[in-house]
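By written order: A, B, C, D and E. Residues from 1 in each chain.
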Amino acid sequence: MTLGLIGRNAGRLLVPLIFIFGFYIVVHGHITPGGGFQGGAVIATGVALLLVSYYYRDCLERFIPITNFKLVESAGLMLYICTALAGIVVGSGLLFNWLNASGGLFGHPVAYGVNPGDLFTAGTIPILNFAIGIEVFGALSVVTLIMFAGLQEKTQQEEDAEAAESAAPLVSKRKKGKGGRK
Amino acid sequence: MIGDLITGYGFWNPLIWVVVMATGLLFAWLIWRCGESDYDKGTEQTKPYLSGNDEPEKGAVHIRGGNMYWGFTQALKGYYDKLVPLHSGVVNDYLAWFLIGVIVIFVVVIVL
Amino acid sequence: MNMLLDNMPALLIAVPLFFAFLIPIIGKFAPKIHDVWIILASFVSSLTAVITAVTVFTKGTIVYVFGAAAGSPAAPIDSGGIPFRIIFTIDGFCAFMLLSAAIVSFAVVLYLVSSQKERSGKSELYALYLLLTAGIFGMVSTGDLFNFFVFLEINSLAGAALVSYHRKGGIAAEGALKYLIVNTVGGLMVLFGIGLLYAQYNSLNMAFIASQMSFTTVNIVALVLFITALAMKAGSVPFHFATPDAYSVAPSGITAAMIVASQAGLYGLFRIVFTLYGDIFNTVTIGWVVIILGVLSMVIGVTMAIPQKDVKRLLAYHAVSQTGYMLLGVGVALAVLGDPLAMAAFGQTAMEGGLFHIINHAMYKGLLFLAVGAVIYRTGVWSLNKMGGLGHNMKWTMIFFLIGALAIAGIPPFNGFASKLMIYESVFAFNPALSIIAMVVSILTLASFMKVFHSMFMGPQLPEYAEVKEVPKLMIAGMVILTIFVIGFGLVPDLVVNNLITPAADALINNGAYITAVLGGGL
Amino acid sequence: MIANLPFIAVALLIGISLAIILLKKNMIKMVMGLSILEGAVNLFLVALGYRENGIAPIFTSAPEGAEMVLPTVQALTLTNIVIGVATTALMLALVMVIYKKYGTVNSNKIRRLKE
Amino acid sequence: MKETGSIFHPRFMIVLVVLATLILLVPAVGLNFGDPITSSTDQYYIDHSQVETGANNVVASIVFDYRGFDTLGEATVLFIAVLGVAMVFRRLYK
């Protein structure tokens, strides 16, 4: 079950554009409207588009398994919490904005008041934006994928495995799944 | 003293309680020792006497959980007949109870 | 080392989150170290909680500012004395709740690792369990209302997801869905109330709002929403319906942790009623509302428990019933809050009894759920009608269950008696009828546990359970930890009351200290 | 009172969502009602922060000297939206499992846990 | 005991909803739209966020700096949702 030629090609054309647009929203989160959540959600829309234009089992499962998306999500969260913990390491509180006005990465001197904006300002905020962008992208993609997979009918083998699991261990003469409930 | 819990009316000391209980048990044990000593294990004396009938099978004697307090629930039948259906298991009802709570508490707090 | 100690309140949340976020990566690359990882994670996070609590009890209230440079106060001068960052305010009551959560969560982990050995989806289970712990820690230590809401949602979602762990033919998903829907509505109502407060005081900080609190109709609406939604989280009648549904299908270890999770809702209720609204409002009315909720919970909880046939559902109804005791004790204190004479005579004792019951309930109800879970682990049966004679094969489990049952029924010398005694005597001075109801409920509790104990462990050995063995040692270890606290708190209640409960009660009654700790003495 | 039209709209939206979750028996519709409830609370939060003739609180290429609307509530709304997404996802997953096992999404029939 | 489910009549439910909506209409009387009673905290954010965080977007500076801890919690909520969904469907995608 896939879409027709037009659908698939439209998906193929649009997905890179969606990804780039989402990435733009993520990186410019601290100077324009937008940020990690919004950009991550836009990127996840691209994944959803792939999902409807190509079928789950045909495309996504082969190239990017669900567990990899979970790793992506986990990586985003780790980036967030490590940036937060670095605040403790440099001698301040958790989530301290230790990169701001440091002169280095994202530490450019800031122009105050109304200004056109500089990408390399705001210290840890772009990093955290990026982390949240990765996290939201991974999370929404994996939720979409799993729920899509959940729509499918189960095979008999899976049913058996599940029934075997839901029966508690030990005791031979137990009726499966009753558990003494009405 | 360690263990004294002042409750406003007096005090409660579990350590004294434990000591008193232990003494009581000691006395009980002493009294028990004074009993008959010609009670032998493994003879006819230890077998249950059920008016001469055979002893029933083990699983049949056990009083199952569902049968206990049957009398209690039966005596309070009117109460339980009203109470048990309230736990209907429908989510809509749960939220309706929440709204009832909000309204009633709001009225109570506003009026009083 | 000093750096770590200074940042302990932050690590309280950061450590479990850090360990939990790594679990999917571990599940992918090294699934064998799962068990070690979760035990380590839980140990470290419980250790941070205990260290934080001890620091609070020895040095006084901790105020921790997130994201600030080192040494900056919560309410800087240049902001006009407004705390504009998220802060953690950990006073005696918070520390007390932290301690109870830390003990139960560590004991449950030992149990859980052993009891879920054979099952799939462990990576998710462990991560969610850690996040549930983090949610409880966050709820009880935050000083910011919106942050409280966020942790409330973490708590609800992690709880609901954990409830659906065993499938049981869809019945677990049903319990989880009911729990989740009810708690989501509650959470959104809490957020609506937070919005109402924010609209008037333009701040989300509890201490700042408490210092500005005034008597307006909008505040009453917010108070009503807070009371109902948090009572629903705590599982008080008539908002308790989802509680037995969820508890009866959750894995037993998880249920023990969810007891603490629901008590975090109770914490929020007490904190908001006392600290935010304690000065301005007519506390007699609110106190009586809390008392009525408590009495209803006690009576309906225990009477619904008696005819139950499913053992975990029975225990869940007892959890509702015991929540009533806490509400009763604290409600009496709330009703006499404006009367210093009555407060000194019995209000303080009622409050201490109610708070003492929180930690006692966490311990013995956790123990009971673990013991019942051990029986279910070996037999695979929930129904009391099918059990019997298990005392022959599971002696240790029987002993632990007996201790828990005696404690919950208020039999000396276990801890339930000490707190119940304090509640009875102080409530008797307030209103004798309430005290008598509490005693009758206690008797019914004993009767109900007689039934459970008899039908599970007593009687001749049944043929279908001839092969049942004692549970693994790690599960026993989890129960032993809780048993030590049940017996210890029962034998030296005065030490616990003087060192843990009195600071907690003082922290609730004296909300000026809370405000001063955050805003400084200037205001 | 009529100047407070957004707040009235919030109350009415909450009323609509409560009516949905109380009266509809279809679980999917109940989840939709919860989404409306969450949207209503979000609307309330954002409406709290509005100032007359305020602009978005972003300094990039903003008009000089204009008053800005309150930014905190916008941040809170952002957070609450994501929490709402997470809740909805979990609820829908549970409804899917229930539908698989029970064969229905009618809340009157999803009551094996009762009494 | 009837087996039809809900114990409340729909009409009663509608009365409940109407009463609850009336309670929630109280803020519409007590608050002013477009004119916040006080704006001390927010004015502080607007005035100082550029200096303190270097971000032009005040909302971003609140979300990731002043209230960054909330954002961590909210990312955790999303993580929980993913774990929960993965756990519920754990048999289906491996």
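Following the convention adopted for this analysis, contacts are C-beta pairs under 8 Å (C-beta built on N, C-alpha and C of every residue); 3 or more make two chains touch, one makes a residue touch a chain.
Everything quoted here is computed from the prediction, not taken from an experiment.
Interface comparison, C-D against A-E: more C-beta pairs in contact at A-E. With respect to subunit C, maximal separation of chain centres occurs for A (centres as means of Cα atoms). Chain C has its Cα centroid nearest to the centroid of all protein Cα atoms in the structure. Using mean Cα coordinates as chain centres, the one most removed from subunit B is A.
Between subunit B and subunit D the centroid-to-centroid distance comes to 46 Å (mean Cα coordinates, whole Å). Subunit C has its Cα centroid 24 Å from the Cα centroid of subunit B.
As a whole-number value, the distance joining the C-alpha centres of subunit A and subunit B reads 52 Å. Multi-chain contact residues of subunit E, defined as those touching 2 or more other chains: 5-6, 13, 16-17, 20, 23-24, 27, 29, 31, 36, 39, 41-42, 45, 50, 56-57, 59, 63, 65, 67-72, 74-81, 84-86, 88-89, 91. In subunit B, the residues touching two or more other chains are 84, 87-93, 95-96, 99-100, 102, 106.
Shared interface positions of subunit D, defined as residues touching 2 or more other chains, are 14, 18, 21-23, 25, 27, 30, 44, 48, 58-60, 70, 72, 76, 78-79, 82-83, 85-87, 89-90, 93-94, 96-97, 107-108, 110-113. Chain contact topology: the protein chains form a pattern that is neither a line, a ring, a star nor a complete graph. You'll find the chains touch as A-C, A-D, A-E, B-C, B-D, B-E, C-D, C-E, D-E. Subunit B meets subunit E in the complex at residues 84-86, 88, 90, 92-93, 96, 99-100, 102-103, 106. Listing the residues of subunit E that touch subunit A in their complex gives 50-57, 59-61, 63-65, 68-69, 71-72, 75-76, 78-79, 81-82, 85-86, 88-89, 91-93. Here subunit C touches subunit E in the complex through residues 13, 17, 20-21, 66-67, 79-80, 82, 84-86, 120-121, 124-125, 127-128, 131, 134, 138, 146-147, 150-151, 153-154, 157-158, 160-161, 164-165, 173, 192, 196, 199-203, 216-218, 221, 224, going by the rule given at the top. Interface residues of subunit C, counted against subunit B in their complex, comprise 177-178, 181-182, 185-186, 189, 217, 220-221, 223-225, 227-229, 231-232, 238-239, 241-242, 244-245, 282, 285-286, 289, 300, 303-304, 306-307, 309, 311, 345-346, 349, 383-389, 412-413, 417-418, 421-422, 425-426, 428-429, 447-448, 451-452, 454-456, 458-463, 490-495, 497. On the subunit B side of its complex with subunit C, the touching residues are 2-9, 12, 14-15, 17-18, 58-59, 61-66, 68-69, 72-73, 76, 79-80, 83-84, 87, 89, 91, 93-95, 97-98, 100-102, 105-106, 108-110, 112.
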